């Protein structure tokens, strides 16, 4: 019954986001919020694999960019509508996720991470050399009209991203509260023991990599319309890999709430730093926050909260 | 356009590049391979080494190699401090190496910004009499700019393997990688041994940095481009095997060089990483993994 | 005697150039209490790794309930009714004790015994080994004896027809050993076949109906406990000449 | 579980609140004219971005010292775009909706201009572009102006001089190698180079790209040498420029012409270290201290810029980008004064109609917002001795060869002759 309540709440939030577009005209809110929601989506997606099963993906940028480039291709080829782009981006990146899932058969721990890193390099080289989607030069994307419901396209993107992020969180919630999520946790804790306790580890790992990759691709799919100019450097940016890993760490990796907290906190901080400090110090703040958090709050903010409540109860 | 002359030159260039890669990857091989510390920030220490060499070269015309060696003890101390923080914050508490990873990412950014603030964003180069010169042996040309890093890289690798197998501390470091309990029983503090080993790894970055700025201009954020390469080399070679690291570095160097010569240089990096993916898929422990 | 529950046929396992098992065969009957002993490095753990599917044997075949399971991954063997404990306990360390059992119930026992609420069932099993007061504790923080009990309880939660206990008693006090023996005997009495690997001779001798001895990857003796101990080959293997 | 929602809610709310405050600026009696932009102050293009910012600030101070525009002081609001396009939409909407600036100009470079285009187009704003390549090709937006003198065929402008000069030689070179970085600018430059080579009947015998993170360039140079081209056109960013120059000398690649579109050979840090190794290289340029390129105000500008640059730690010569950033603001300032207001349409119409006097000379825009005529020059490094920075401030070192109206010396041909 908890699920039903959460579902209702998600619905309310999406409707809320829509209502916001009726009342707030300040477009900066939409751009800033889009960025943060995109990170909620990416961090949640990363956490499904990294937080739940313990396989650390360094290649978030690759999955994100693959979603974005799938969109570019479809826009170039057939002017596909946004819904199609999102579905296609999710499918293609999900397929890639399925592929790296098979790597987990033989690669554990940091070896897996390095493999995902290598994958990102190979994929970026392919995009750099693929002239049709802009190659290294990049490609301009013209936004379609926003449709009757919205005054501009950015509002539409904002609502779409809000819905997608919510959807991802819902997926994470359901996984976490199902047998699948508990199976994931046994893989994280001890894969051999899990296998001997009847957990079909390969099947679950494939599920995790596929779902995680799919969600990352979905995050990347609207990107061409957001930025209107796609080139490999920004699409494969290292910041996607760093942030999608750091945000769950800061928030807490064992629960679906962790990535949200981390994404909202770090995403907001970065957005704020961009428009206030606006210098090298921006990156410094990110660095200091990362170090401070992993040193002082090893289980993230959730861990701190838990420790706090335990203490007050005691 | 294939010719024996081109092939030989590409091969030699690959070996030279590989020697340099070995120098850059040694620190990772020690920290990650022997100590299980995922020091993803290693490249930024290399860049730090480049800037140290740059400062002395710019002000006093000092040879980069010399400043690389001069700074090595300083880097060793930096490594000691970093490891102490790492140990106290993560290892002692039995935290997963994953958090350590984020820690080193943060460190990477912090040092990068410090360099930016001090030196600005311009590309920095150095002067040395041998830069731009080369010798020719038959049809094969060898540039000093690349020969020096290669030779130094090989020497460093040799020195470290000798240190690890011949000296008391070296053997203790190898021991710590396998069984720290046994060390403790022998009355050796594994943390101290690990601190020394990590310091050593960072000290190699001082020299590697000097080599880097010999080869190409340096700017604070280019360290990121090396993260993938150095980890690929350490993993490809097999963790814990310094000799394997050298072999892997040579393989990557030669692969890059051959690709750049005979097909498109654009694909050289992808080919290297493709090799890595293949090796990992077939032999997960790397070529010489334990 | 009818069909054996487990039949191991000529199993060979190599690690690189080292042959850890050199063609071991044995049979375990339904309901039997079977002991497996041997000096360190004799291949006991390798053998049960091959039986449970943690490792794949290079040659030979393994039958369970008459069906060839040689090619099955570990989790499928567990689904069919083989469960094991680990010599060094491997709890799901971030989960509570109860969750360790619950997840095993959900995955391992799902085919054969979809009984009531897994949480209730898990509590019952915990009560059986005396771990119920610790149900809510994080399993990674348990004491040594508690972890051993958890290992056993978790394997029991798989509702196995065959339970393999890998040195569950090493390093425990004699009263703790008795406690664990009691649990295993009760389990056996309820119909579960048990293979016990143990260094503590007192425990194996008391527990087993039949014992096999491994040395250097070969089975050198098999039979009732008292016969096996007096075997010359076994003496040589343990004491040297 | 449910208890955690309020935490998330509060965080989100706080985020929005924080990012929206701070804009209720003070209403001064004489309201300043506020100009907003994002600029690459960190990341890959930061070296240029910081120099451009400095030049623009010098313009602002000059204007304010002279009494401002329309009697109002000029203020800047700018943010670091980190050379990352995905920050740009946020920055420009913040400037427009929260900071409510009066005018926006672009940041530095094609990749950082492109994401701002739909935002300014939606609001029909005048948009001055700083060194973008073909940003307006698809949009055909009539209020966009771009200050780099690339002319109507931007991609071709970096190589035109190089290939025109080659075609004038006797005997005319027959073959060329084209090589460059896998990145935005070099790829554009290579497109142009292919066009010119084809037009002038020069056969392309090598045409490849390399990743910007390449460490060793000797294999590439050897492969080029093996095709034995008469001339070699390189389009590169600073690491590639350095790597190609060093490798060419080590390998002994000596075509009849070498260079082309090499970024970085305009910055002090590389010029001084490469020194005599630069001799003979032909490169594109926008402004160099040759007598033919003198224009009113540029000396005065550089005199202000150079000491300030040393202090700020950016390129102390400042020949490449800073005068153009200054000129871009001059165009804007002159248009504001002439139209006596900030009406975006009137400003755009005025900029289309008039010719402007700036520190880089006379500027006239064409219909697509690019320069009506392209004015990128080809120059050759000659007589560089040692590693002294002062020589690069003197004429005769970076000799302008093309186009003829700016020509200050002759091409030393072949390349090897210039290296003696």
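Order of writing sets the labels: A, B, C and D. Residues in every chain begin at 1.
Everything below uses one rule, namely that a residue touches a chain if its C-beta (ideal position, glycine included) is under 8 Å from a C-beta of that chain, and two chains touch if they have at least 3 such contacts.
All figures in this text were calculated on a predicted structure; none of them were measured in a lab.
Enquirer: Pick out whichever of the two, B-D or A-C, is joined by more C-beta pairs in contact.
Expert: Higher contact count goes to B-D.
Enquirer: Which chain has its C-alpha centroid at the greatest distance from the C-alpha centroid of chain C?
Expert: Ranked by distance of C-alpha centres from chain C, the top chain is D.
Enquirer: Between chain C and chain D, what's the gap in Å when you average each chain's C-alpha atoms?
Expert: 72
Enquirer: Roughly how many whole angstrom separate the Cα centroids of chain B and chain C?
Expert: 47
Enquirer: Can you compute the centre-to-centre distance for chain A and chain C, using the mean CA position of each chain? Integer Å is fine.
Expert: 43
Enquirer: Just give me the whole-number Å value for how far the CA centre of chain B lies from that of chain D.
Expert: 35
Enquirer: If a residue has to touch 2 or more other chains to count, which residues of chain C qualify?
Expert: As it turns out, chain C has no residue touching two or more other chains.
Enquirer: Residues touching two or more other chains, restricted to chain B: which are they?
Expert: Residues 116, 264, 266, 269.
Enquirer: Any chance you could list the residues of chain D touching two or more other chains?
Expert: Only 42, 44, 182, 209, 211 qualify.
Enquirer: Which of line, ring, star, complete or other matches the graph of chains that touch?
Expert: other
Enquirer: Going by the touch definition at the top, which pairs of chains touch each other?
Expert: A-B, A-C, A-D, B-D
Enquirer: Quick check on the complex: what are the chain B residues that touch chain D?
Expert: 1, 3, 6, 9-10, 13-14, 16-17, 20, 116, 119-127, 131-134, 141, 143, 145-146, 215-217, 219, 221-222, 225, 253, 256-258, 260-262, 264-266, 268-269
Enquirer: For a test of understanding, state which residues of chain C touch chain A in their complex under the given definition.
Expert: Residue positions touching the partner: 52-54, 73-76, 78-79, 83-84, 86, 90-95, 99, 102-104, 106-110, 154-155, 157-158.
Enquirer: List the residues on chain A that touch chain B in their complex, please.
Expert: 50, 54, 56, 103, 106-111, 114-115, 117-119, 121-122, 125-126, 128-129, 238, 242, 245-246, 249, 280-281, 283-284, 286-291, 293-295, 298
Enquirer: Could you list, by residue number, the parts of chain A that touch chain D in their complex?
Expert: Going through chain A, the ones touching chain D are 2, 5-6, 9, 25-33, 35-36, 125, 128-129, 135-138, 140, 142-143, 152-154, 223, 226-229, 231, 233-234, 237, 239, 257, 260-261, 264-265, 267-268, 271-272, 274-276, 278-280, 282-283, 305.
Enquirer: Which part of chain D faces chain B closely enough to touch in the complex?
Expert: Residue list for chain D touching chain B: 42-44, 46-47, 50, 182, 208-216, 218-220, 222-223, 226-227, 238-239, 242-243, 246-247, 249-252, 264, 267-270, 273-275, 277, 313-315, 387.
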